[in-house]
Each structure stands twice: as structure tokens, then as C-alpha cells.
Amino acid sequence: MKEIVVISGKGGTGKTSITAALAFLAGKDAVVADCDVDAADMHLLMQPDFARSEDFYSGEVAEILQDECTQCGKCMEVCRFDAISIIDEQYWVDPISCEGCGYCARVCPTETIFNKDLNVGKWFISSIKTGTKMVHARLGIGADNSGKLVAKVKNEAKQLAKELDKEYILIDGSPGIGCPVVSSLSGADFVILVTEPSVSGIHDLKRVYELVKKFHIPAGCIINKSDLNSQKSQSILEYLKEKDIVHLGSYTYDEAFTKSMTQGLTLMEWEDTGSSDKIRESWDKTKQILNTL
Amino acid sequence: MKIAFTTKGKDWDSMMDPRFGRTEFFLIYNEENEELSIYDNRAIENEAHGAGPKTAQELFALNPDILITGNGPGGNAATVLEKAGVIIYIGAGQMTVKEALEAYRNNKLEKF
Amino acid sequence: MKIAIASGKGGTGKTTISTNLASCLSESEPVILVDLDVEEPNSGLFIRGKLLDEYLQYKMIPEWEKKTCTLCGECQEVCNYNAIIQLGQTIMVFPELCHSCFACSELCPADALPMVQKEIGWIRTYQLNQLNFIESRLHIGEEQSTQLIAQTNSFVRDNYNQDMPVIFDAPPGTSCPVIEATKHVDFVILVTEPTPFGVHDLKLAVDTMRELNKPFGVVVNRFGIGNNEVFEYCENEKIQILAKFPNSREVAELYSRGELIYDKIPEFKNELMNLWNKVKKELHN
């Protein structure tokens, strides 16, 4: 069982569309996981049935038991996040400002404040149109993605892959370079970096690759919209060579990406514009590499 | 020598856990008396952040000389393990515990 | 007049709209542009002003004083973030995990954990004619972007005349950093694309703005691709569409080279001015 993670650093590179197309190609051989929970869009192309859904808790938030509060004000004094205020002569916690540090609960003389687990969203296991399972999640407003949520989604996917005896786990990874993307990468066998030839695309590719390198995970790269700036595409290719990253393909700018998306289809199900062949090539290369690992 | 493994299960035939910070178990093999002991690390699932240093601290208490794992620890955990003087070998993420020990003995694993 | 430019999903053109709007307005009046996408600040790739100053930004973290420490373990007990741990005879602090709540420091019975400054990033100020550009960047590995955004907002409030237009380029998403970046502004422009992904993420952003009670409107970027769903959604929800920027290969190419667009494509500039007039009108009401 091999774990493949697709990441991009920057938004808007086509990462999710490409991951969905790869998921279509992998078909029944893969369990799919969406760890890009800040912008969890992949399910829009996979027809999930949301068969199983569970609440997800991450971090904590303080709560004051109004009946037992003696209004001593200690909690407000120690809070560094301005999360406690007085409304109608009662102390209240603003859950959005509260960072769940628990300091207030520790200094409360009457033990009137306690920290409760914070419900940040839901996670799902769905059957999807490619005849396999997908694990995905949805965050509530103001909730932060966390290493914990990503680990949960990945663990469930792994469990399923084991039970169903699947060859691959294909993961739409988290954006950025923080804790969630670290958790996305942890345990992966291969990373696919999706980038575009723009100043910001290259900038973010380099930042995220520094992280991949730390984990000693072999990596490949797809350059999307490669014809928008051939000079920048060239410098990406040079960067890949220098860093020993496999070039999995360069895709020219193709409106089929959005056209297929509006129909809820992956690129592989759309009329052939050349991109689908390119994606198939990338997937074959990826499989070859995985076989040699 | 005490050798620690990050694992998914409790015996020699279990799969290794390629992750360090969120590993499910540690198996500790004591080469002197050939005993294998188990440390259950599954409570780590409840930590939203900082799983790496927390797990490294738990491992420190188990006092191993060597750690065998998959990808290797992240920055914070690596700092703790360095301080604890644990020598780390990586690349055993897809093996069983038995195979990982073998690979280590045959110098097949990369030093972190 | 403070305006934030935000989007649910990354890569919709938030930075394109912010940098072009600010530059375009600055041709006729003084303007402030603030890049609050502190993890990936990209506005600076398009605005090449003269660097005026740099202000290092700090957060407070505990520092272990070995001499006074009794190794009681209280600090690691109170820390909810695993940012401080005891390792035998040593206390280790992990600055990136620390949220600066002060609990370990103030609850330490031996006063062995004084709080000290730790650099987390910087604010840089640039000048290009009438455009004041403020860039805020978090160092790699740091996680407290919300705090740096709050500090940058205070910096702008304390150092600039707020009578001129202030445009904030907010981070993408709907989590705490976005809330911090938008909660003090007068109006929010949500940038989206007319695609299913764009609409899905726009809905999350709209929910967030409604939760915060913020007046907002929508800009549809890359108009012409995708479908009509975004317009139907906005009509049903009575959300004003402030502007539509047509999909154009020329725009994408200019963007990829790090160039501004309004000074090369007149239609783009017209639509920017329409957008600005509508925003001003909204603020009057």
C-alpha cells in the first residue's frame, strides 16, 4: 500500500482538479482522502454519498458556569487574548478569540471555568463514483485546520485501504507550509508538487519543497499552465533538475479544467483536449516510481 | 542496546508506523535480555498541535539508544531526540518490525 | 475608509485585485495597501516601491532559567500546546508552538520562566509615488499568523492617517487569520471565480462575513469560464456583484511575469473604477 500526497503551496494551481483526475485513473485501486480541509472542494467532482459522518473536535475553548461565578475577575485579568468580557455584569468567553490555553480555568478560585473540546467540523466517509471510498472533512467558521484533523482523515483512509486491500492512498494535501501540511506529508511514500510558471508559483514551490526534503520523501512535479510563461517554466525545470525532483509533466493552459468542473466531472471524463493524455502519462510515471520504491 | 521502533501493532510481525509524532505504539527491544516491551502512544491522537515533541518526550522516558522509524521526526521532535542522545535510523516505514530490525543490522537503513 | 479583499479559496485573484486597485487609485490620491497574507505575501512581487523601513515583529515566549528552576514540572503541566516540556534535568521551549498565553511563566512557583521577545517576522514599508505599501511577513516555521496580522493592523492604525483609502489583502480561507484581517474594516470584497470550486468556497466566506456582521460584496474574476451558478447564488442571497473581470490570457500572462494589469488593459481599469465607485456608494449607505 503506497501513500501519494499532492500539494502545491500556492492556491489556484489546479491541484485539486489534477488530484481528482488522478483519482479517476487510480479508480478502484485507491482510497481517496481530502486533507485540503480549508478549501475542501474535491468531493464536488467525486459524487460522494456522505454515508458516514462524525463530529470532529480539535483544541479547546473555555466556558464559564454562570451560576457559580463569583465575578472576581481573575480570568479576565490573566487572559492575553481579550477573550473574556463583561456583558450585563456577567463574564463571558468569546469563543472566536479564545485560544484554549486554559490559563483562566487554572486561576479561577471557584473552579467555575472549564475547558471543553472544541467542535471544529465534521468528517465523512463516502462511497464515490469511481467505485471506491473517500475520506473528507468540512470545517466550521473560524476553525483552523490542524495536524490532528489531517492525521484523522489520513488514518481513516489508511484503515479503509487496509480493509479493502487497496494499492494506493491518494491524498489532496493541505496548503501552506504549517502544521497541517507537515501532517499531510508524514508517512507519505511519494509527493506530487503541482505548480504554475508565475513569480508566486515558483516562490511557493520552493518554500514547500524545503519541507518535503526534510522528510526525505521522493517527489515529482507537474507544471500546470506551462505555456503562460515559457521562461518561468524553463526555470522551474532547471530547479527540478537541481533538486532531483522527477518532472511528471507540463500541461498547457486548458479550459477543459473548468469546463469539466462545471459538470461535476474530472478531466478524464471530459472530451479529449490533450490534457487527459498528459495526466495519464503523469500517473503512469508515478506508478513506475512507486514500483521501484 | 535498547532499540525503539515506531509501530502500528504490538509484536514482531506488526507493520512499522512511518510517522514519528503520531505513531500508535513504540516497541522497545532490549538486545541484552532479548525482551520486547510495548508502549501505547495512541493518546497522541487527541493532541491538536505539538505531537512531535510530546511523543519525543514519551520516548525519552523509555530511554532507548536507537530509534528506527519511517520518515523521521520533524524539527521539534528531532531537537528533543538529539538532546536525549537517541540515534535515529529512517526508511523502515513500509516494513514489519522484524524486517526493520534486520535491515538495521545489515546496515540497510539511513541515519537521520 | 478601510477595505479588505478576501476569498474563500486561494488563487482566485485576490492579490491581482488588491495591487491593481491600490496602484490605480494612487494615481489620483494617496492610498495605503497592506498585505496581510503573512504566510505567503505576494503583493510585493507586483509593487516595486522604494523600501523605507523595516520593523521586526516579536511574540513573547518563556525562557528557562536553569539556576532558579526546581524542576517541579508545573510548566509542562499547564501548557496546552506541548510548547514546553521537561526532559530529565532540562526544560525545553518550542517557540513556534507557543501561543504567548503567559500561563507557564506566571504560574511558575520559582519564577524560573521569564517571558522574553522572540522574532516572528517583520513589517516593511515601501513608497511608490502616492502609494504606501506595507508588507507583513511571517518567518518560515512560525504558526502564529493571527498575532502578526493583529500587530500589523495596530501598526497601520498608529502610523498612518486613516482618511485615505486603506486596502488590506487578506489571507485566503475562513479561519482565524481571515477573521483577524477583516474584523476591523468597513467593507469586505470577496473575490471568486465562476466555477463550482469558486462558488463552494465563496459560500463559506459569505457565511463567515455574515457571522462577523460585515458588509460585503462579490467580485467575479475570470468571468466567462465556468457557469452561471455564482450569479444565481448571489441573486438568491441578495448579494451585490460589484464587478466582473473577464477571463483573459493576457491578464494571466501579465500576472505570471509579476506585472500590473490596469495600466496595460483599459477595460480592466474601467472595471476597477466601477468596482471602487460601487464600494464607495455602499459605504455611504
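Here are a few things to note about the model shown:
In order of appearance the chains are A, B and C, and numbering begins at 1 in each one.
Please note the rule applied: a contact is a pair of C-beta atoms (placed from the backbone, for glycine too) under 8 Å apart; a residue touches a chain by one contact, two chains touch by 3 or more.
Quick caveat: nothing in here was measured; it's all calculated off a predicted structure.
When each chain is reduced to the mean of its CA atoms, the one lying nearest the mean of all protein CA atoms is A.
Between B-C and A-B, more C-beta contact pairs join the chains of A-B.
Each chain gets one centre point, the mean of its Cα atoms, and the points for chain A and chain C are 20 Å apart.
Per-chain CA centroids place chain B at a distance of 39 Å from chain C.
Note: centroid distance chain A to chain B, computed from Cα atoms, is 26 Å.
Residue positions 179 of chain A are each in touch with at least two other chains. Each of residues 81, 141, 143 in chain C touches at least two other chains. Of all residues in chain B, those touching 2 or more other chains are 47, 49, 51, 75, listed in ascending order.
Contact residues of chain B toward chain A in the complex are 17-22, 45-49, 51, 70-72, 74-75, 90-91, 93-94, 110.
On the chain C side of its complex with chain A, the touching residues are 8-12, 15, 39-40, 42, 45, 78, 80-81, 99-103, 106-107, 140-141, 143, 172-176, 179, 193, 195-197, 200-201, 204, 207-208, 211, 225-227, 229, 249, 252-253, 255-258.
Those residues of chain A lying in contact with chain B across their complex are 58-59, 146-148, 151-152, 155, 179, 182-183, 185-189, 214-217, 293. Listing the residues of chain A that touch chain C in their complex gives 9-13, 16, 38-39, 41, 44, 60, 78, 80-81, 96, 99-103, 106-107, 115, 139, 141-145, 175-179, 196-201, 203-204, 207, 210, 225, 228-229, 232, 253, 255, 258-259, 261-262, 264. In the complex of the two chains, the chain C residues touching chain B come out as 81-83, 85-88, 90, 92, 94, 96-97, 141, 143.
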